[in-house]
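Shared chain: chain A. Partners: chain B in the first complex, chain C in the second.
Moving on to the complex of A and B:
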């Protein structure tokens, strides 16, 4: 059987080598139409060690909009057709608590990938992922203690909060693919290294829900995909 | 004529016997309404008991939306998500059956969940068997490994002092308040996992029995902060407090139960009372980082 597969691979290499080594890219921009909800200023006066880290008042991040109606913090990922489902990256992703904010606000990761949670603040936080499909847990992390090492074994978009500092809200996006990006710097995203094939690309936003687009990659090419969400004023 | 009568009698007897057998199989014989198919005998009995005792708060579907739920604070437990406050197992894991049975026997302090001590052991086992049918988690996951609790360390003023130090450093006071009255700066903003407001435990509210939400003994108190109360803002401290040091925190927390006569309070009183604990370095409203060797430190594991 392996011999037959090798023969097919060799034949393909000779007949159409671009199919073996080709890797396309899906890139684009996430935008919105309408009027997004106005983000509320956060009063951190009860936590002076955090308040002093911000020169200007911090606002909530349920909608992070940029110039030209750009929308950041949208998880864009290959929801079907990705060839590497099940391959868990060895490298951990990190989720930092700094200035009583979650950095990044949305952290995407593969199912069962190590997630390191840091506390860079001079105050205690409690990490409380409100999982429904995975297990909900809640752990204290005082300043100076080691990073927490966690993982989630099922795909889910999990809200995260700190009960001590009620303004701290974020998300873990646990996916079954390594082809993902979170829109930033004006709504831009990029999904490189996609072999030829048909893909469904999904974009998820914590306030505006999901959108999908079908894309076919045929070789070394970059396909442009745009997602436009309808903003809700409240 | 006699033959026809005998035949009719036989048919009647067979019909009665079949009816009784069916009723027994469906749970009617137990006096409880007919349960769903596919239940074990214990689950069937538990279903009947649930409809009699639990359904008004926890609801027909076990989702905590019973008829009484709108009038109850905190809200009844939602069994469909299989998240339980009082456990001997780590945060994020399923409890042991014995944990659930203890909750039934004890009730949950500062909530509407009463003690079900009058029920028989068999009744309680059946109820636990039934509430586990509300979530698939019980079929796909095993309960967690219970946390290990070392033997209690001696109650002395040094231990109470160290416990007070830990209370400041892990910032229990942010929710529970400096005196443990449940009035810390974050107290008014706390919500449970269903976004319902929830109050932190007020240590001073305990009577002489010194009851906590999940128990009454020092070991129960140890378990509460090392496992956390899942579904609530109370986190687990198992990753940051060393097992032996946790006893120091237990001893200090007991001194906050001002209406309870205890060895911890006697020791503190003999040493000069609560003011002796307030050394300048541990009046930590200053938010200084923890620097005690009693916390699990970065790089120290």
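Moving on to the complex of A and C:
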């Protein structure tokens, strides 16, 4: 019996190797239709050490649009069918406070993955993730403080604010999968290494909500998925 | 020992009076129309409190010097009428002093707080929240749009919770993080707090007024000198209190118009 199974496996390997080692990719672009809200310049005059880091005032980031209606900062992830549930990456993700801004504006991570929070400014920050499902906390971080190490144990999209600088805003996307990407450089995203199977891909944007798409990967292929959000001027 | 103590008291009392008499620490320049009254009241209070302080210290030193070691057989005399008459006399004297300061001081205070602003005073709204001030100018229509607290969203810089989609009055409102005012023009400040108690303090304007959550507080003043000044929160309001400040720019009318146009373009 084991011999027969091995033979089948060997046969499969020779005849159609992509079924064993196949890894498909879902990639695409996030765009919007309509007129997005104008992003307002941020006046940081109360914090001169930050204001002087920006030659032109930075703007809000509730909608970061690119050329050809591209939409950045959209979290695209496999919401169902992901093969790696429960595998927490050993590598930490980092969230930087620099020039009184959160970099990146949206940071995605796996549940229980280490999150390192840096303060690269000459001023104190007080990072405050407004979690509803996870435990809510806020921590002060004076300049020169070593990175804070945190993690979230439940999936949630968490708005993040600074208690000292009201204009600082960002998001944590805590997910139960490692197959995620945050659209950037013109709304592009890519989810590689997906074995054959049926997946639901979800795209989440802080102002425009979520959209889903069903994708079936059959082998070594790249599936193109497009998400289009409806933008509102207010 | 008692004589040494008496001398020490006199030395400390005189040493602490010297920097005040020499005006070592002077108040920052007054840039408001009402500030001189506040300053006069302050110096009057300082003189009266200072004279009382020195007199009390000298008396204390004198009594210690004279009565700490009674001469043999000396009988300590008591004040005519006993301690009761002395205490009543002291309470009346101090009471009259405090009352007089209050009666004269109310003039300065009432001029700021109990008079209505003139009809052509420029309205500016200021909102204090942990830990920043935000200012709102009504724009060309002269009307401030209504506030919807549930719409407050700092991520999109909607600090006031305005709804320009549905409220036409809000569309031209100008919200800023810095306060600019034209020189020699009366400003009517409409103050409210977003969360806890705060305070609006500009040393040079001689203006210090608390924000009380739930109350709309009103204040008016006229700045008389162009310059850049600091607005600080002087009511301990939480962890970031030390960093709660904004800048006040007093500008010429032309510069102010330019500033306002620039701010409007950025809305």
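The definition used in the following text is that the second predicted complex is superposed on the first by the 218 of 234 C-alpha atoms of A that agree within 3 Å, B and C clash if a C-alpha of one lies under 4 Å from a C-alpha of the other, contacts with A are read in each partner's own complex, and residues count from 1 in each chain.
Quick note on the criterion: a contact is a pair of C-beta atoms (placed from the backbone, for glycine too) under 8 Å apart; a residue touches a chain by one contact, two chains touch by 3 or more.
This is a predicted model, so every value here is computed, not measured.
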item	value
Chain A as common anchor, with chain B and chain C clashing or fitting	clash
Contacts of A:122 with chain B and chain C, given as first, second, both or neither	first
Chain B versus chain C as contact partner of A:135, first or second or both or neither	first
Partner chain(s) touched by A:163 [first = chain B, second = chain C, both, neither]	both
Partner chain in contact with A:148 - chain B first, chain C second, else both or neither	first
Partner chain in contact with A:40 - chain B first, chain C second, else both or neither	second
First, second, both or neither for A:49, with chain B first and chain C second	first
First, second, both or neither for A:89, with chain B first and chain C second	neither
First, second, both or neither for A:219, with chain B first and chain C second	neither
Common interface positions of chain A, toward chain B and toward chain C	46-47, 123-124, 126, 140, 163-166
Residue ranges of chain A touching chain C (in the complex, touch as defined)	37, 40-47, 57, 60-62, 123-124, 126, 140, 159, 161, 163-167, 169, 206, 233-234
Touching residues (chain side chain B, partner chain A) in the complex	81, 83, 91-93, 141, 169-171, 174-175, 185-186, 189-191, 193, 228, 230-240, 287-291, 295-301
In the complex, chain A residues that touch chain B	46-49, 122-124, 126-128, 130, 132, 135-148, 163-166
Chain C residues touching chain A - in the complex, by the definition given at the top	129-132, 134, 154-157, 159, 163-165, 176-178, 238-240, 243, 245-247, 266-267
